[in-house]
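Okay, so chain A shows up in both of these, paired with chain B first and chain C after.
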Partner chain A sequence: MKPSWAGLLLLIAVIVVLALLPMLVNNYWLRIATGALMWAGLACSWNMLGGYAGYINFGHSAFFGLGAYVTALLMGDRLAWPFFATLPAGIVVTALFAIIIGAPTLRLRGAYFAIATWAFAEVLIQFASVMDFTGGIGGIGLPPFLDERFFYFAMFGAAALTYLITWALFERSRFGLKVKALRDHEPAAEAIGINTSLVKLQTFVLSAVTASVFGAIFAYWVTFINPKSVFGGDITDQMVVMVLLGGLGSLWGPALGGVALFVVNRIIWMYWGDTAFYIAILGAAIVLVVLFLPNGIAGLFSRRVAVSGAVLDKAVGNLVGGGPGRPS
Partner chain B sequence: MDLFLQTLLNGLLIGGVIATFTIGFQLAFGVLHVIDFAVGGWVVLGGYLGYYMGVGLGVDGFLAIPVAFVLFGAIGYLIGPILYNVRNSRTARPELMALALTFGLFTLLRGGMLTAWGFNTHSVPTVLSGESLAVGPVTVPLIRVAAAVFAIAIAGGLFLFLYRTRYGLAIRATAENRQNAALMGVNIRRLSATVYGLYAGITAMAGVLMGAIFSVNPEVGLRYTLFAFFVAVLAGLGSVGGALVAALLLGVIEAFVATYIGSSYSLLAIFGTLFLVLLVSPHGILRHGL
Partner chain C sequence: MSAAEGKTAGTGEPILVVRELHCHFGGIKAVNGVSLDVGRREIAGLIGPNGSGKSTLFNLISGTVTPDRGQIRFDGHEIGGRKAHAIARLGLARTFQIPAMFDNMSVTENLLAAAAEGHWQGARERAADTLALLKLEHVADNRASDLSGGQQKLLEFGRVVMRQASLILLDEVTAGVHPSIRRIIVDAIARLRERGTTVLVIEHDMEMVRNVCDRIIVMDAGRVVATGPFNDIVRNSEVMQTYLGRPQ
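On to the complex of A and B.
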């Protein structure tokens, strides 16, 4: 993708508008904008592994929740850490967990990894619900800090950083090429000397760590968290829908999908409140996107046609002598 | 000691019912190469069918079992080809797309059921509910015995079908090597539809039984999906024979944790075991069997 002048201008315009937004709108809309930025960032963080590396993580809420809980526990009455000191702690804890989960399961085919991550998120819900130090099902409170602008800029900064990292690492570096190579054909990537296990693990840790930062800001923002609100499967569901809707493995797709779905979410919330119907809509959205829009919104604008899996398999299969067909 | 025997028996009986739908799950994976997140959704739908037939129409819950098979078998037969098309589509990552599709289907079922029927818990009424049988020091609820007998019958029927009919041979051949099976004249697309229908029907039947033994609400679907995953990981994805052993083991583990430690820890224990197995022996402990 060559950077076009129109695209660059659009990007600058978006950044300027986002930077000036707190002066333009009232607190209600600022909260909505903060949420939209958070989801755009989370979708991007999921997309690092799901889109670029081709490994679906059905438990991404685990890392969002870990970040939230680490911040909540450290800022609580007993320790009373300042907020910014909790961020590195959350990052370290999340990275450790990501390595523990990822190192054994990322060696396997994607299906086992999907199961393991999903199971991990459910374990954390159960664990946080039965343990005393996490406040059990009742959850845990944080010292309130009611400055909407602070949280807006915190989310804005985190989201901008996430997209910048994604752009630099996955679109503009050798690392990104390695990741895409292993996504498109893992045996071939290994054959040309890529340490696929390591690259996958690095991508997974990066994706987990960014999610945890959003979780930390989220916890401080809403000042109260419980197991369902930060580990819940619905959080992962939303990320999956956002990325699929926007376009798997594209840089701007998750932002489009994230903002679009978050607006739909708020509209439903305004008219019907917190409803189970939204879960059904999420499910239907996943099904419809998979069936009718497999390349997402970004796919509609991209002139490049996605390389067909079958053709790719055959071509690479001939090269590496593995025969056609992916190992499954 | 009595409590120990009681727990062991309970676990084995429940494990038998779990085995029925996990065998179907493994079969669907073997043929379609799709991990079906929706498995818990079919279990819950079966349970609700039993509940509404029992309470709404006033018939016995057991009568819902054949209805569940026909109804959800037909629905599965219609969904099967869609799944097959996505799995074999010409998009860049069909494996991922199929996984996302079943995940979406599961979410859709869960949300739809929550919207339609709410969070309340219901139980499927049967003639045997509340009755129990004393065998020496152990009392066994009759409904569990009936469910286990039923489960054994279903599993036995399925094995006969797989190993004693030409159609079963085609299914096994496809699971082993789909290209060669296709060359031998197996219509894989249609076979996939049948297998998914068979699996959805069997799973819904198991759901009626689960609804009669425990109870049913839209959120328990997660639990059954987890059960299926647990068994699949323990047995190795696609292994049908291993699924039987793994399901019994799961039933026993769950019963013992619930009795001796506390039922709020049973999911934690199952997840923990699942995770350890993935760490130690990622391709399953029991290996291939189809």
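On to the complex of A and C.
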């Protein structure tokens, strides 16, 4: 892809505005911006496997929750680790889980893979709900740290790093070519020497650990977590819809979808409070995107991301039974 | 020693040796005791009626399907049952009967992907050369799924060229394409031979088989029934009966 000066200038402008935002808005709006950055980053982490590799993961919240719980447990009264020391620990724990879960489940495709990953997240909810050391269903608290700017910049840094990694690995390297090749035709990718099992697992682990970092920051930010609040299926659902809305398999689509849906969520919350109305909005968004916006919001601005419509077709086709779900 | 063993038009030790290879799907014996050799730098044609096991044999050699039993030796390595990517890394490349495109990637990206594992250095230059060789420069930035059927055949062939393999398996690479595209592929195969590549090609176009191949291997019902130069094959009564359907 040829470099676009307009695109580069826009990117610099966005970074400058985001860097200066804490000086421009009050804490209320800063919290909303922090949440928007978190969802943009989470959507991007889901898109690594779902968009670039074509494996629809309905258990991604498991890794968000693992990061949150590792940080919460290590920062608790008994261990009292500093926050930044918990991040690598969360990454290691999440990577181990991702390898253990990914190695067998990535042999499945389509709906079979989606169900297996969803089941994994459900197992973790049940596990965290019954174990004493996780605080059971009542949850677990973290030491409060009430500095909105810290959490804003932590989410900003994590999101920026996630997008940088995605750009460098999936859009600008051999690794990205391998991932996209296996998404489009796995036997043909194998036939050109790509170890598809390994590349899928690497992508799965990368996708998982980035979600785990957001989980860790989230836990410290909200100072209290319980199984539903970090492992809940609605977290993954939102990531999926954000990516579909923004543009599956595109770099910036997840950011656009993440910010757009989170802002809608906050507006609904402002007017109607904590209501299930947002769930209906999510459902409607899925239907509308599949029917009328297969390339997502990003597809409206760039011919290149028109690719995501075809990726969406394939992903949906695989999920509803067209794809080979048997072991590959 | 069966008809297919030992006699190759290539030089030195055969690059591909297959012995007593078996593969069945349910009750169907798709490959039923195939033995054959392919010599180095040889261009061998594999012909036979539909369902005779040619494509399954390719799938077995390239690791896409695991054999029930038998031996496959490629360039000194025993490859029977190995993973497809591991076999590809040893220097074997293939095309599929139905073009296997990376649909959402551009034509250039399709070619680069073929070099992503292995010979990456100079890949962009090689991709440009391959585009020129196959006359695909004008669609270099197009999505693979937007290409015509013939162009997709060319692109898949281009990926094989990019692999710089020592043995290439071509599965009906000219089937259903315009004569101008067939000519491009035939010329490219000749270029591959010049650089020392061995080619095993499944083909139904007898004109192409006669013009391109040093030797023909005929399969029927999962077995090799004849092998030899084209002129001998067309005089073989068993081949005439099973493949062309008219007894002499």
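In the analysis below, the second predicted complex is superposed on the first by the 303 of 328 C-alpha atoms of A that agree within 3 Å, B and C clash if a C-alpha of one lies under 4 Å from a C-alpha of the other, contacts with A are read in each partner's own complex, and residues count from 1 in each chain.
Here is the rule we go by: a contact is a pair of C-beta atoms (placed from the backbone, for glycine too) under 8 Å apart; a residue touches a chain by one contact, two chains touch by 3 or more.
As the structure is a prediction and not an experimental result, all values here were calculated from the model.
Participant: Touching A:184, do we find chain B (first), chain C (second), both, or neither?
Facilitator: both
Participant: Using the superposition on chain A described above, determine whether A:8 touches chain B (first), chain C (second), both, or neither.
Facilitator: In the superposed model, A:8 contacts neither chain B nor chain C.
Participant: Touching A:193 in the superposition: chain B (first), chain C (second), both, neither?
Facilitator: second
Participant: Using the superposition on chain A described above, determine whether A:174 touches chain B (first), chain C (second), both, or neither.
Facilitator: A:174 contacts chain C only, not chain B.
Participant: With both structures placed on chain A, which of the two partners, chain B or chain C, ends up touching more residues of chain A?
Facilitator: Touched residues of chain A are more numerous for B.
Participant: Give one of first, second, both or neither to describe whether A:19 is in contact with chain B, with chain C, with both, or with none.
Facilitator: Neither: A:19 stays clear of chain B and chain C.
Participant: For A:85, using the defined touch cut-off, is the partner it touches chain B, chain C, both, or neither? Pick first, second, both or neither.
Facilitator: neither
Participant: So which positions on chain A get touched by both chain B and chain C?
Facilitator: Of chain A, residues 183-184, 307, 310-311 contact chain B in one complex and chain C in the other.
Participant: Give every residue of chain A touching chain C within the complex, in rising order.
Facilitator: 174, 177-178, 180-181, 183-185, 187-196, 249, 307, 310-311
Participant: Mind pulling up the chain A residues that touch chain B in the complex?
Facilitator: Contacts found on chain A: 50, 54, 56, 58, 104-105, 107-108, 110-112, 114-116, 118-120, 122-123, 126-127, 129-130, 183-184, 233, 237, 240, 244, 248, 275-287, 289-291, 294-295, 306-312, 325-326, 328.
Participant: List the residues on chain C that touch chain A in their complex, please.
Facilitator: Residues 62-64, 83-86, 88-89, 93-94, 96, 100-105, 109, 112-114, 116-118, 120, 143, 145, 156, 159, 163.
Participant: For the complex, which residues does chain B have touching chain A?
Facilitator: Interface residues on chain B, with respect to chain A: 33, 35, 37, 82, 86, 89-97, 99-101, 103-112, 114-115, 179, 222, 226, 229, 232-233, 237, 264-265, 267-268, 271-272, 274-275, 278-279, 282-283.
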